[in-house]
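Letters A, B, C and D mark the chains in the order given here, with residues in each chain numbered from 1 onward.
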Amino acid sequence: MIQAENNYKNIFYEGPIDPGFIALIIRKHQKQREIGAHSLFLGQVRADKIADQVVAAIEFSSYEHLALKIMSQIREEIIQKFGLSCLHVYHSTGRVAAAEICLFVFAASAHRNAAVNACSETVEEVKNKLPIWGKEWTDCNYFRWKKQNNPTSESGLLMATE
Amino acid sequence: MQIKLLPFGQTKEILPSAINLPEQVKDTNGLSQYLVDTYPQLTRVHFAIAVNEELASSNTTIFENAVVAILPPYSGG
Amino acid sequence: MIQAENNYKNIFYEGPIDPGFIALIIRKHQKQREIGAHSLFLGQVRADKIADQVVAAIEFSSYEHLALKIMSQIREEIIQKFGLSCLHVYHSTGRVAAAEICLFVFAASAHRNAAVNACSETVEEVKNKLPIWGKEWTDCNYFRWKKQNNPTSESGLLMATE
Amino acid sequence: MQIKLLPFGQTKEILPSAINLPEQVKDTNGLSQYLVDTYPQLTRVHFAIAVNEELASSNTTIFENAVVAILPPYSGG
């Protein structure tokens, strides 16, 4: 696949994703008369307990260019597999506080099942295949590196040194 | 051999951003071993390697001035 | 279950559902720090072909009070089954043009799978169990009564008499 | 017996909103038959019946002044 590097669709959104931005994306599809269903997924930073502290924010960093390249492949595959009209992905970079949104996936299709299944599969792929890392900061300014399924029992907290 | 090192996530707190590799390190397997030996804190971290933006799914040759990314387990989403 | 009649949560929205309203509902959950995932479904009126015409709008009517009563039961069951933080459903009444939104389901939970599965199951229940009817109007002002899976081949168009 | 009839969807184009039932009609089965006989256009339509906001899943007695809804197949969403 030959594709100019700067042709990859951007997915990164600085800071928390604003609900107004989500509305804007929805509104953009209000002219597409062949669409019958939109499935949206929003990931929100949860104030998980870590030992006696709670997660106050996650700081996201990424190997952005590689992430865009991989996302571009995932996007093409999923659009084709499910026959989507549209697929949009946005992931926060930088700091996102608890109760704010850090991931937004939007799939649109003529039919419900295609939209819903494509959205779920995209979320799965984003979590497993994109080089993105989350650093969980607690309310006491300790941190630990997020794991995809961090057990809340295991602390592993470190003091901030930076 | 001089390479550009791009450590991400927690490996960014352990590794430098440029490194001069000894002559015997010629591929990603050799690099992994060299990094773990040189930076013992790395022992606790699983990581994958990408050479010039290609994930090294098997042992991959590294050439002078390669951009080598060190990728701990992803945790986006 | 004893419940005052006017306690049923309203689900009806006059006309097409505005993306700004969807943003408002999302924003309302930005204080709930235990939420990790939102799953949203939006149903949009599709400009299906009927014979040589296309659907220009759907006019929705409902047995509203019975619909609210049934929805209230569905809502309680699904919140409990999936351990949701929130479940919201909005359905248009009146006329909704092609490419406009007529159904909005929102499920929020600590975890992704609960939110996604609850949202899908709610959409299914809304379609199957709520006494709501859609009258499909074509661009030539003919109509037919919508069926849940209207085959596009079968016309059954009638001339408007009202 | 006088009942209040609430026809919905396409049945609203066929049925009136109040109806005086003959004495022999005492339940939902009887009502279905009576309506189909009296309004032949109804023959083409499947419909369920709700009496006083309860869906009649089996044959249900109808009393004077009941609110009886005629519900063709739902098509919301």
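The rule is short, and it goes like this: a contact is a pair of C-beta atoms (placed from the backbone, for glycine too) under 8 Å apart; a residue touches a chain by one contact, two chains touch by 3 or more.
Computed from a predicted model, the values in this text were never measured in an experiment.
K.L.:
How many Å are there between the centre of chain B and the centre of chain D, using C-alpha atoms for each centre?
P.N.:
Taking the average C-alpha coordinate of chain B and of chain D, the gap between them is 75 Å.
K.L.:
Using CA atom averages as chain centres, what separation in Å is found between chain C and chain D?
P.N.:
26
K.L.:
Out of chain A, which residues touch more than one other chain, so two or more?
P.N.:
Answer for chain A, listing residues that touch two or more other chains: 43, 123.
K.L.:
Give me the residue numbers in chain B that touch at least two other chains, ranges are fine.
P.N.:
Residues: none.
K.L.:
Drawing the touching chains as a network, do you get a line, a ring, a star, a complete graph or other?
P.N.:
line
K.L.:
Sort out which chains touch which and give me every pair.
P.N.:
The complete list of chain pairs in contact reads A-B, A-C, C-D.
K.L.:
Can you list the residues on chain C that touch chain A in the complex?
P.N.:
19-20, 22-24, 26-27, 29-47, 54, 98-101, 110, 112, 115-116, 120, 123
K.L.:
Which positions of chain A touch chain B when the two form their complex?
P.N.:
Per the stated touch rule, the residues are 43, 60-63, 65-66, 69, 91, 102-103, 123, 126-135, 145-148, 162.
K.L.:
For a test of understanding, state which residues of chain B touch chain A in their complex under the given definition.
P.N.:
Its residues touching chain A are 6, 8-10, 12-13, 50, 53, 69, 71-77.
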